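Labels for the chains are A, B and C, by order of writing; each one numbers its residues from 1.
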Amino acid sequence: MDMIAEILTGFVAQMQKPTLAFLIGGMAFAAFGSKLEIPEPVYKFIVFLLLMKVGLGAGISVREANLIDLAVPAVAAALVGIAIVLLGGQTLARLRGVTQMDAMATAGLFGAVSASTLAAGMAMLDEEGIAYEGFIGALYPFMDIAALVTAIVLARLSAERKAAVQMAGQPGGVAALAVGGGYGNGKAQMVRGILVDTFRSAAISALMLGLALGILARPDSVYENFYDILFRGLLSILMLIMGMEAWSRLSELRRVAHAYVAYGLLAPLAHGALGFAAGLIVHQMTEFSGGGVVLLAVMAASSSDISGPPTLRGALPEANPSSYVGTSTGLGTPVAILSIPLWIALADMFIGV
Amino acid sequence: MDMIAEILTGFVAQMQKPTLAFLIGGMAFAAFGSKLEIPEPVYKFIVFLLLMKVGLGAGISVREANLIDLAVPAVAAALVGIAIVLLGGQTLARLRGVTQMDAMATAGLFGAVSASTLAAGMAMLDEEGIAYEGFIGALYPFMDIAALVTAIVLARLSAERKAAVQMAGQPGGVAALAVGGGYGNGKAQMVRGILVDTFRSAAISALMLGLALGILARPDSVYENFYDILFRGLLSILMLIMGMEAWSRLSELRRVAHAYVAYGLLAPLAHGALGFAAGLIVHQMTEFSGGGVVLLAVMAASSSDISGPPTLRGALPEANPSSYVGTSTGLGTPVAILSIPLWIALADMFIGV
Amino acid sequence: MDMIAEILTGFVAQMQKPTLAFLIGGMAFAAFGSKLEIPEPVYKFIVFLLLMKVGLGAGISVREANLIDLAVPAVAAALVGIAIVLLGGQTLARLRGVTQMDAMATAGLFGAVSASTLAAGMAMLDEEGIAYEGFIGALYPFMDIAALVTAIVLARLSAERKAAVQMAGQPGGVAALAVGGGYGNGKAQMVRGILVDTFRSAAISALMLGLALGILARPDSVYENFYDILFRGLLSILMLIMGMEAWSRLSELRRVAHAYVAYGLLAPLAHGALGFAAGLIVHQMTEFSGGGVVLLAVMAASSSDISGPPTLRGALPEANPSSYVGTSTGLGTPVAILSIPLWIALADMFIGV
């Protein structure tokens, strides 16, 4: 009984942390039917400032970082992004009521990274006084892009294979198969197209801009006196918006298969564990910090809420946005944010942060 | 002559205070025909930040407050809200060219509270170095909701009574009276409906959210390093917007009865005096501070500019918005803000702040 | 070779300054095809805050300034504004494919002042630790209004002269000439109309409001704790937006005469030199600082991006916005901002700042 009381006390203490409290407050707000809305332009601007903060901070750190120290976690981040999509193909895609196309779109979104969730992780580590690598924001695009490209390529290939099979059973099928023989070239072009689209998306391009300015220019003073100062406050508002948004998206899940609910609840935990394990290996190989391991887990647990959906909508128009956006924004994101204390506790247990 | 010079000097000094100067500047700006507009989303966001600041601040203070210290001024605030509406029924409603419905809507708006005016009062006390209870923002909903509910209930009952009388004179009137007999139940439901609507309105729900987060979570650091720091600057912009808005609303008053102009100019002073008197009584009964008395007067003098109008429009669709919004935004609000120095001077005279 | 290397190193160091780096970053961003957009209301609000900052700062300084110290550079600023427009009439207006109307509109825009460019100049002087007069923002309207009024009056007079000549050749021409004889009176009215329009424009009226509040009220604390603190960070975002805007406007220049490209590239340098020379003379006559000379050059080099275009569109509807806005926003503004280090270097050489 004592242990349960202790766990409950710990849980309540965690939920009182501003970052989580604002998220829960936003959900309660929407559930209560409040008419308050934070205007869209303000939301977009807050996200932009957060991305610039993460990008500039990473860029400034990369300037002084040992490139090997950066390369090992970057490779790990990309591998985790790919693994999450492959895992989705083995689990979600095989569940009842889920098409291969929708499963890949959903897994891609869960493999991609949420800047807000990452920012929440950073804020919570700051609150606890746990150090992490300044360059951690530079890992974001590696995991994000690896996951989106893998998911889109797999979904497109599977769609083409299905189309080819259908055509083979029809008159003229042999010709279609012959055309399909030119895959190798088309695939390279497809990957290039996806990469360009992803880099041009609002989130990745803002992050890359911040990174480039942090590396090439000398924005240290404006970073410290503006972006970093406003960071915590703006994050509290963003958490509120995300809580409201999560609640209003939940209703969309009623119209899709139950499998998505299970995936939305469990996948962030499984992916976070994957990211945590990868982080531990990097920690063994290099001097990667405990805070860094936590943030790799947070990135893996998070699902993309800004740049992912439009990229997927463009690349996989056949997929149903209600299923992948509803699962990600309505369940994946709140579960990922609420599980941040778990990764901190695990890091404390395994490494002692 | 010396006294007049002294009063004039004091008046000019008051008008130079940033809060009042920005309000007057906004009115001059609009009068001059400036094409500058502060975009609507920015205005909404500033109001949201101010409400969160007032709510969070109150919530953090309530955590450590003695509940009795809070209960007495809360009851006083609610009584003042009700008294203002009843006073409006005895004065404005009896003037020429004013319908009972419009009078109740106007009195409800003047009884409800303006977060911006309250914030201006807080900023001016801060400037003067006069202390006030941290929980003062928690009194806002008591006065606001009491006034709106009283006004809407009275207006609805009077409309139903009039309809019943008209029907009684017609064939089938007895049946209508019989239906009217079910008042008791319908009235309870009506009050519940009004309460739900009021709590869901943008201003009250944002304030309640701030209060809840302040009480249940630990947002102290984000409150101090973000909401409180931006407060004064954002308030200066809000005063500018309110001055511009007041000027542009003044023209609407040309189309309504002269009674509204008299009410808009005099009611804030009468209501403020009522709030001041109530505050003095609370000051005698508990340790309520002089700054608290001033802010109770400021709340009573203010009229709701954000959540009041849509609530009234929903509940009293027969009332004419030109009359109540024009009177409140065009006259009531600037008079209430410009009279803040008066309550400070009175508190100094009566209590010595 | 050493000198070239030194110049290149100096150039790279200048481009790394946050202000210039964010401008270049914005251009690269747009060139790369990023989908990121900073919402219009946010842009408008940032510009408003910057104008208030410049205006308030100038107003607070004017309070304590010697009026003679202010009058001499103000006259110089107005003369530079007029000279730039006359220069445009002697150069741009005579080039192939350029109408008198379009030339005057373009020259008026280049003579008018950009608050963002002036703010960038202030930020760069702050970075270098170079002092300048606090009242410098008060010179803005003198140059801005002088240039706009001169350009519009000259364009209108030339259009009327042309119309009169055409009518004189037609039946009834004598009557038209007779009407034209009433010029003197119409001209005074025209100038009055242009002045009212210019003062009411968003940029000038916000600046005048800031000036008035700075002089008449006591906004020093809100200025220091809000407007001045946010200044540098907001400027970095504004530079980003202006870089993106410049890139997207460049394409408009394809549709207009080559003369505009030459003017857009060279005029900011010529005008800056003119402003610098005028500043040097003021420096000889009064105690005008080296930083003040730089900012007079920056104002002269800049072209109006906010209030100028709508004022010109209203006053000269026959002029083609693609030519004057494209030349100004696409070329004039980036060249003016990128040339700020040049004026600093020149001031160091001539005065030793």
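The working rule: a contact is a pair of C-beta atoms (placed from the backbone, for glycine too) under 8 Å apart; a residue touches a chain by one contact, two chains touch by 3 or more.
Which protein is which chain? UniProt says A, B, C = Sodium-dependent bicarbonate transport family permease.
Everything numeric in this text was worked out from a predicted model, so none of it was measured.
*Asks:* List the interface residue numbers of chain A and of chain C, divide the shared ones by all numbers used, and answer same when the ratio is over half, different when under half.
*Replies:* different
*Asks:* On Cα atoms, by how many degrees is chain A rotated relative to chain B, nearest 5?
*Replies:* A turn of 120 degrees brings the C-alpha atoms of chain A onto chain B.
*Asks:* In angstrom, rounded to a whole number, how far apart do the mean CA points of chain A and chain C lie?
*Replies:* Roughly 44 Å separates the two chain centres.
*Asks:* Where in chain C do residues touch at least two different other chains?
*Replies:* Correct list: 39-42, 230.
*Asks:* Which positions of chain B touch chain C when the two form their complex?
*Replies:* Going by the criterion above, the answer is residues 15-18, 21-22, 25, 28-29, 32-42, 127, 229-230, 232-234, 236, 240.
*Asks:* Mind pulling up the chain C residues that touch chain B in the complex?
*Replies:* Residues in contact with chain B: 39-42, 44-45, 48, 196, 199-202, 205-206, 209, 212-213, 216-219, 221-222, 225-227, 230, 310.
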